[in-house]
Amino acid sequence: MIKKILIANRGEIALRIIKTCNVLNIKSVSIYSDEDVNSLHVKKSHESYYVGNAPPAQSYLNQKKIIEVALSSGADAIHPGYGFLSENSDFAELCEKNNLIFIGPSSNSLKLCGDKMKCKKIMKDADVPTVPGSFDLVKDVETALDNANSIGYPVLLKSVFGGGGRGIRLVNNDNELRNAFELAAKESITAFGKSALLVEKFLPKIRHIEFQLARDQQSNTVHIFERECSIQRRHQKLIELSPSPVVNQKVRDEIGQLAINAVKAVEYSNLGTAEFLRLDDGTFYFIEINARLQVEHPVTELVSGLDLVKLQIDIANGENIPFKQSDLKLNGCAIECRINAESTFLDFAPSTGLVNDVILPSGPGIRTDTYLYPQCTVSPFYDSLIAKLNSWGQSFDQARKRMVNALIDFHILGIDTSISLYKVILNSKEFINGDLSTDFLDRFNILNRLKDSMKNETASKQDVALTAAALHSLLYNSKISNDHKQNTNWDHRMYGL
Amino acid sequence: MIEYKIEDVDMISHVDIVKQISNNEYIINIDNTEKNINVINISVDSMEFMLDNMYHSVKYIKKSSSKIELVADGIPIMLTTNNKLNDIVYKNSGGSVTNAQINLISQIPGKVIAVKVDENDKVKKGDLVCVLESMKMQVSVKSHKDGIVKKINIKTGSAVAKNDIIAEIE
Amino acid sequence: MIKKILIANRGEIALRIIKTCNVLNIKSVSIYSDEDVNSLHVKKSHESYYVGNAPPAQSYLNQKKIIEVALSSGADAIHPGYGFLSENSDFAELCEKNNLIFIGPSSNSLKLCGDKMKCKKIMKDADVPTVPGSFDLVKDVETALDNANSIGYPVLLKSVFGGGGRGIRLVNNDNELRNAFELAAKESITAFGKSALLVEKFLPKIRHIEFQLARDQQSNTVHIFERECSIQRRHQKLIELSPSPVVNQKVRDEIGQLAINAVKAVEYSNLGTAEFLRLDDGTFYFIEINARLQVEHPVTELVSGLDLVKLQIDIANGENIPFKQSDLKLNGCAIECRINAESTFLDFAPSTGLVNDVILPSGPGIRTDTYLYPQCTVSPFYDSLIAKLNSWGQSFDQARKRMVNALIDFHILGIDTSISLYKVILNSKEFINGDLSTDFLDRFNILNRLKDSMKNETASKQDVALTAAALHSLLYNSKISNDHKQNTNWDHRMYGL
Amino acid sequence: MIEYKIEDVDMISHVDIVKQISNNEYIINIDNTEKNINVINISVDSMEFMLDNMYHSVKYIKKSSSKIELVADGIPIMLTTNNKLNDIVYKNSGGSVTNAQINLISQIPGKVIAVKVDENDKVKKGDLVCVLESMKMQVSVKSHKDGIVKKINIKTGSAVAKNDIIAEIE
């Protein structure tokens, strides 16, 4: 039985894990970099150890040091959170070698999930549909052309060394493909010593829908419903919800079973997520397994009633999942907004520094996971995610309205955040109608609407501003009247009297 | 009356504080509509008030002679001013007051916190006569003409109503 | 359809009502006294009107002024919250006369619920069992003796003018009853001009269990499960939970039906609560109907998923309750702790004044309803309830542990609160075992345990205090060294160096 | 070494700061057990530190010559002191230092922020010789005897190690 967990992470997720540890009477050990000496996860854990300088490579990615701290502190398990070392199979292996329980899948399973090509082939064998395209690296332009013609244009030419949208070319015909292939191969050889290209069907107006999965060491497997994460910006999720407006129980059962098949095929254990793309015609394609606790796990917690971190720990302890698929009932609707510290109109540049004041929203159906507190600082060294605002409602619309009001109540002074952007998205008729897609922001010109909305907000505050300005002239000056006695006659007199 | 233009809003507005009702209450006129103001809190850089019974919180960021930057209920707003205040002051204290007028009259109610002249003192127009406190602010009352202070009707700590005669200056 | 609601209340319940108004796009109008000009409900509502001086009689109980404000602001309904005017039938009648919807039962129904003697007789006719005792005022000592002997000693001799435990005498035999009757009658005549006494069976070790009810104007009636509110201090509820550890589905169905019969008997409409006493042998006795939204309504919201304020407004709008009894499923367990501003060891005296700092607990399963914010003040003029901390869990134990950790995380600086007391109660084996009763605090010597627990806490912080004291001598003095240069040689030297 | 008694706890404790490891790190000895201290933040009335890698926050409420009132992790604690510091200081600077000893020795490492005497100055025992900065605090180094400053080995800005000779006084 796990009695002490080292949390190899920081920020809100470290705090989230500490909360479950407290409920389970498990001691929590946190780690911190120079930058995080004043962070809440340091204060809220039972023990806390310094692991290195601010840059992640020297601290939160410093495998050797983290293992050292885990061993010397007497921890018997490591929870990696998300990001950092959470999907690093070497780290999982290092834990295994040191008899530390890595709260996540085995290193072998992690390796498999990380190798997207291999994973895609395994899915083919398991009859889990993937995005049409090549199953191997495309060695020459002729193979690429064959592939493209068999799946039909437009196609994407992708470098396996890319990621997050980089190294991807959209081509519409044989000619374009020939040109693009030559360029891409050259680039790849220059940069990585070899060409490693794929051809994949280009899919317009797609939704990102994922299934939360749990699999214990006895191979019992369940899905805990879907999350729709289509509201994104450059492949970064912004808003997630469950259920998806386009998933009914029939689809949930069907794709949920595919997701279960997918994790079985890679001999996965613990919690994970199977990500799918969904086309407008209702086709689902598997894309990958996220072999970790997801940022957006609270959405699933709110509609399932489960504590997913507890479930992770239980599974890591070798316990059976304590419920069957048929026991799970999707209850109401939950939405998450990832509050980022960023300046929307400075091309979403990170906004860092001192947070002068914070007031968290609360009340019926509202859950806020955050590491913010008044006078804390947001570091430029780490992720811009500063808070996860979740709302639950009996219906999508109740959850949505609760979220809108919680966004209004969420007061963060000192840095720019994505709160205003989310207000516009959540109030848009397209979001209300569930017309979501990964290009939602562009398709509906959301940034322009945000600009308009801000203009309207300014206009609505016109009388307030005018009043404040007039009172300022009247009352504020009086505050400094002692320094300015030599003014004109009746210098501080009121206008109308 | 002050003229303001709000950045991003294509309109010039006219604002006038019409009168003070009580210590914290005012009537304000914005573009010919009267509104009630109730000041709740005031500090050097912020103010909270009710505008027609709606609560608002404003932070003052920067002020120059022609620009005011503030944050109204969390929304940053920039105002450009066309301040006609000086004209009005000039008109009232210069234009309409004739040299023959003896009585120095208080134009506001307040409490006397300092008397700066004695009877029979010689004063010049603009010399400080007394300081009143009104609406949490100090107001310097200055002589409206050159002359000699014949009579002082106030003393430190006394209350002064609007239109009370503060002093007689001949 | 209600478009604008005046909230005739203050504090957390005013804020709670505003939140639902916002979700329903209903304008909220708040009222405030001198004391509350800086209160959050003033800031968070759409409009806010001053109604009078700090004492409730001049402001929050000022019926005429409140009606005036409602009419002049264009409100079409008044929500009374709890306390203040919420169960005042005169006020409900005044609303009705002014064509303002009183969000609660009709004035007639309110009148009936307020007349405990009449109510008791109605319940007798409706076959709702009440505490054995006289159904009429006991005019003379002989009648009292008859009553006492027919129900059996010990009995309570109660004055109907009492309340909250005052004017109650416990008597064990005829002799004691004769003496007590004489005294009580005299007292009553002196104080109120007439004697108005009741004889009632004395019930030891009772639980307080109540059923949440909803009844629409079309007479559809449902109960929304029970709440156990046995943890009390002098008839003031401290901790509430749902479900009760001693109510299974069979009992819930049975007593729930009694509760439904009770509200039908008084032609109740809107939300209300039927309060019962439960004896150790499982007998339930109806005591009264609370004709308002209860303080502890969040407990029911958490296990039912409903928004009870919304349900109140819907019913006030004449709508049907949008679900049937059989649609309601009790989901998990919820606990509420009423955080009071009071000094436990100064006989629970109110603790008022400036709140220097507040940090609210948050996270999975935690809901905090409060009017506190950093630098706010707690007024001596009103209720000492400053926050309601609610936890939800799939099981009682998960809810309990989440609550314990949330109590630890709840940081309130500047005033004394009941948080420490609740930590002791929630960690006690008796609470864990569900061995609850209205005399829980006395029966288990909770105050002594709190003292012990505080001693243990002090002891556990011994090393911290010693370290702090030593560092203080070492480092703090150095901070003022500039002012104290004339000290002895090496005045600021370190000890061991 | 300081002796403390915590109110409500029937035990007298002995605390000793054993050494400073780095700018914010110390080793402390509490009743014969050594513990690591890492000071995170310090202000006039509060301190945050790690004690054997556990975070603690302490607010100082009041201090008199024999009592310290503080709030440790939210828990109010009263300590009574039996401060033996003065004895030690007396022993070191009075008792054990003979008048014949010439060298004024630094008992701490630090940086010189001011030199208050010149060579050949006459000094009395207790006169200020220099000010060192160490661990964010200023330490006044005073003459250990009456005499004349024969040699000064330091200057403003220079570093001084423990046991370095600051000056020679004859």
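Going by the order they are written in, the chains are A, B, C and D; count residues from 1 in each one.
One rule holds in what follows: a residue touches a chain if its C-beta (ideal position, glycine included) is under 8 Å from a C-beta of that chain, and two chains touch if they have at least 3 such contacts.
None of these values were measured; they are calculated from a predicted model.
Engineer: Which chain pair is joined by more contacting C-beta pairs, B-C or C-D?
Structural biologist: Spelling it out, more C-beta pairs touch across C-D than across the other pair.
Engineer: Return the distance between the CA-based centres of chain C and chain D, expressed in whole Å.
Structural biologist: 54
Engineer: Would you mind pulling out the distance in Å between where the CA atoms of chain A average out and where those of chain C do?
Structural biologist: The mean C-alpha positions of chain A and chain C differ by 40 Å.
Engineer: Using mean C-alpha positions as chain centres, tell me how far chain B is from chain C in Å, no decimals.
Structural biologist: Whole-Å distance between the two chain centres: 49.
Engineer: Just curious, how far off is chain D from chain A if you go by their C-alpha centres, in Å?
Structural biologist: 50
Engineer: Chain D: which residues touch two or more other chains?
Structural biologist: As it turns out, chain D has no residue touching two or more other chains.
Engineer: Tell me, which residues of chain A touch at least two other chains?
Structural biologist: There are none in chain A.
Engineer: Each pair of chains that touch: what are they?
Structural biologist: A-B, A-C, A-D, B-C, C-D
Engineer: Within the complex, which stretch of chain C touches chain B?
Structural biologist: Within the complex, chain C touches chain B at residues 37-38, 42-43, 45-50, 73.
Engineer: Show me the residue ranges of chain C that touch chain A in the complex, using the header's touch definition.
Structural biologist: 15-16, 19-20, 22-24, 44, 298, 301, 305-307, 331-332, 359-360, 362-370, 373-374, 394, 398, 401-402, 405, 408-409
Engineer: Which stretch or stretches of chain C touch chain D in the complex?
Structural biologist: 411, 454-455, 457-459, 461-479, 481-482, 485, 487-497
Engineer: Quick one: which bits of chain D touch chain C in the complex? Just the residue numbers, please.
Structural biologist: Interface residues on chain D, with respect to chain C: 1-2, 4, 6-9, 13, 15-20, 26, 28, 30, 35, 37, 39, 42, 44, 47, 49, 51, 56, 58, 60, 63, 68, 70, 72-75, 77, 79, 81, 83, 85-86, 88-90, 92-93, 107-108, 126, 128, 135-142, 144, 162.
Engineer: Taking the complex as given, what residues does chain B use to touch chain C?
Structural biologist: 38, 40-41, 50, 52-55, 57
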